[in-house]
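In the two complexes below, chain A is the common chain; its partner is chain B in one and chain C in the other.
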Partner chain A sequence: MRRKISLKPITLLLLLLTFVSYGKEQEGHGEKETEKTAKEAVNEYIQHHLKDSYDFGLFSYTTDEGKEKHVGFPLPVILWDNGLKVFSSSKFHHGETVAEVDGSFYKNHHGKIYKVDGPNGEIIEDDHHHATNEKPLDFSITKNVFLIILVFVIMFFMFSKMAKSYKKNNGMPKGMGRFLEPIVLYVRDEIAIPNIGEKHYKRYMSYLLTVFFFVWIVNLFGLVPIGMNVTNNIAVTLCLALITYVITTFSGNKNYWKHIFWMPGVPVPMKIILAPIELLGTIIKPFALMIRLYANITAGHVVLMSIIGLAFLAKNWLGTPLSLFLGFVLAILELLVAALQAYIFTVLSALYFGMAVEEHEHH
Partner chain B sequence: MEIPAIVGAGLVVIGAGIGIGRIGGSAMEAIARQPEATGKIQTAMLIAAALIEGIGFAALFAVN
Partner chain C sequence: MGKLFEDFSLGLFFWQAVLFIALILLLKKFAWKPILDSVNDREEGIKNALDSAEKAKLEMENLQADNQKLLKEARAERETMLKEAREIKNKMIEDAKGEAQEQANKMITQAQAAIESEKKAAMTELKNHVAGLSLEIAEKVVRTELSNKDKQLQLVETMLDEKSLN
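Then we have the complex of A and B:
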């Protein structure tokens, strides 16, 4: 009896194997050519995924007739070019056609909007393949901006619900509040107070909590399969790092500036050498903050998508399950990285604020 | 033009790797010696590792 049952999975596996080998034989002719195009397609997909875009593409596919279909919805394009111009990005038809607005013509060229002469206007490129056309000022609601607004709305509802739950239950959190309270307390007790100090930490809590939850939620959104990722846009991390830099600079007290320009306790020639280094250090710190978040998230996405892309390249029974398994493991690792990067960003911001407000009694 | 930059970035990444490895190893030893201070050691370890990691990424992006 036992032997009979144990045979079943083996038979099933053998049956599956014949299917796999049959499928491979079918693709046998001209395999070299299809492999190359598959590689290019995966590469193109990764490049496309890392870029910001003017429409919200959920997925795209090719029909049996060879027509490319895109599923998603367009987002508004807002341009400043001798007056405000607002139109839907569906006018670009995914970069294939020129959009006409109030007598001006615009073309979407490799993810950037350029002005062209007429309805059949072309992008003129110089020797280095940079477009030389005029670029209007671009304030469009792109995919990244859309997600930032979405996260803003989600955070607003999350935290207003948390505040309400305190009010309703006489200081006892319920629901959303119960979930968020430990995280908020963690940011206060483990990040803000040890790094900034009991005396000043309250001033910085609002920023630290905002940046922690913003980076975390945005990173988590980057992991859902609809392909939204914001923190791998260097402009976003630049803005976050810039806010940290501005807060640090404006909250710097006498001691902070003294330690930059005239380091106490070292000989005078050393002070002169240290001053420019310390001054440069104030800029390098937020710069590293920007690069760290951006590079970690970008690297994670590229590696994850490359491993999933292997499933389409390795056409045998071993490659596809292996790539899917590795992709699964890596996705879990990325969940950790999403939280870790939010934590690191917050801790380092708190550390810099702490340096700025630190009070030295003696030297 | 390209190859020296790539080799340089590789060297920086090796250095960053050694640095993070040393931090991790020392943190392990410290935790083994004083398990009650695990939380504090982990925080310090993550901050130090993140600072070094920034240098490694800066090298990679200088090549890009």
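Then we have the complex of A and C:
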């Protein structure tokens, strides 16, 4: 079988990575490094890994001369601070220097951009170690935004290609579509139809399919060791949960609202008590959706990285292989969790839509 | 919880919202709709094909039953026709036999009647002839007898004797 050269997601990713990777040497903080214990280093690394960043770091290492070397590529920083300011994140030098753009000075402090007074401006912290400097509106293409764009492109190519293969192939999928079709049908037959009902499910299919594959693919990317964790950002899960909430609220029929504000079948005082509870419930449901996805993925990463970190801490013949083995087992579990969380998010969204459009004949 | 809010990034939220909604709309137009439509069409096609196959099967069965029925009818018809033919044949033979018998009987009767009448005629002729002959003989005898007196007497006597003897 001949293989055509096509834009497969993996090749796309590899192409991107080889093209724009750059190395940058910088002064290491020799005396500071030695002060840190290995435990603190691991802890810090995990914290750093979970955070979003302004450049796409693939890995970093310390050279023999004690210099820290970062391999990766910078991403554009977009700020709104009395006008649009766009510059490359390489100006920050991984948070070491102040970036000067059109007469304003910005500093990257613990993964956030603050405005500082001048080229040598410092971050002023209050008693709780919170920076008090002015924060410009930040619309930067960070690492997570970059991954979202990447997943956007991958999904678009993947599924539009699949759709085209149906047309070319007389209503049968071809190539990747053969693998994807059962999943699409699973979402339709096992998630959408049982929860929403035969009558209304079609309206929600686009959202359910998109959210399912998006969360799944993004979670899978999170397991790649270069550290792209989109779903452990509360902003991302909030956005997804908010869309579910908005769709639920706007598709709610008379019955749905009646069950919230004036619960049928209970005495009047109960109706009055139930109304605020039910109303709060509509918000709690998507809120739980948001926290569940965020917490599961974050916890998974923390545990996985802690166990891998143990390999560096345990300095004996048993500890290191054991922690690596555990890490392997956990990584496989995380692979399952990646799909499971996507499934749960989709099922619960479908369930809420189902509640909104449900029609009661009785009562 | 405080850390959660601190970590919240408006930029990320903005990009996620924009990109995700754009993704839903784009995929809806270029992927989900054509894919689900094709799958639906295919499923419908399979269902229709199965239905029509079932229908064809039923029709086939009906046709076969019809054929069987026709065959049966044809066989029954043949049977009756054969039976009728046999009956006709027998009747014709019977009839022919009867007629022949009658004819024969009639012919025999006629022949017998003819024989009878011939016989009667012959007898009559024979009687007449015998009577004539007898008369002639008697005449001759009488003539000779009566020419002699003695003999006449003798004759009378013989005749009387015969009578008395009887």
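Structure notes:
In this text, the second predicted complex is superposed on the first by the 327 of 363 C-alpha atoms of A that agree within 3 Å, B and C clash if a C-alpha of one lies under 4 Å from a C-alpha of the other, contacts with A are read in each partner's own complex, and residues count from 1 in each chain.
Please note the rule applied: a residue touches a chain if its C-beta (ideal position, glycine included) is under 8 Å from a C-beta of that chain, and two chains touch if they have at least 3 such contacts.
What you see is a predicted model; the values in this text were computed from it and never measured.
Looking at the superposed arrangement, the partner reaching more residues of chain A, out of chain B and chain C, is C. By the document's definition of touching, of the two partners only chain B reaches A:Tyr343; chain C does not.
Legend: residue contacts after superposition of the two complexes on their common chain; A:Leu351 is shown touching chain B, with no touch to chain C.
When the two complexes are overlaid on their common chain A, residue A:Arg292 makes contact with chain B while staying clear of chain C. In the superposed model, A:Asp52 lies in contact with chain C only, and not with chain B. Looking at the shared chain after the overlay, A:Glu190 reaches chain B, while chain C stays out of its contact range. With both structures placed on the common chain, the touch criterion links A:Met263 to neither chain B nor chain C. The residues of chain A lying in touch with chain B in their complex are 190, 194, 288-289, 291-292, 295-296, 340, 343-344, 347-348, 351. Taken together, the chain C residues at the contact with chain A in this complex read 4, 6-17, 19-24, 26-28, 30-36, 38-39, 41-42, 45. Residue ranges on chain A touching chain C, taken from their complex, read 51-52, 78, 130, 137-142, 144-145, 148-149, 152, 155-156, 159-160, 162-164, 166-167, 171-172, 177, 181, 184-185, 188, 202, 205-207, 209-210, 214, 233-236, 238-240, 242-243. Those residues of chain B that touch chain A in the shared complex are 39, 43, 46-47, 50-51, 53-55, 57-58, 60-61.
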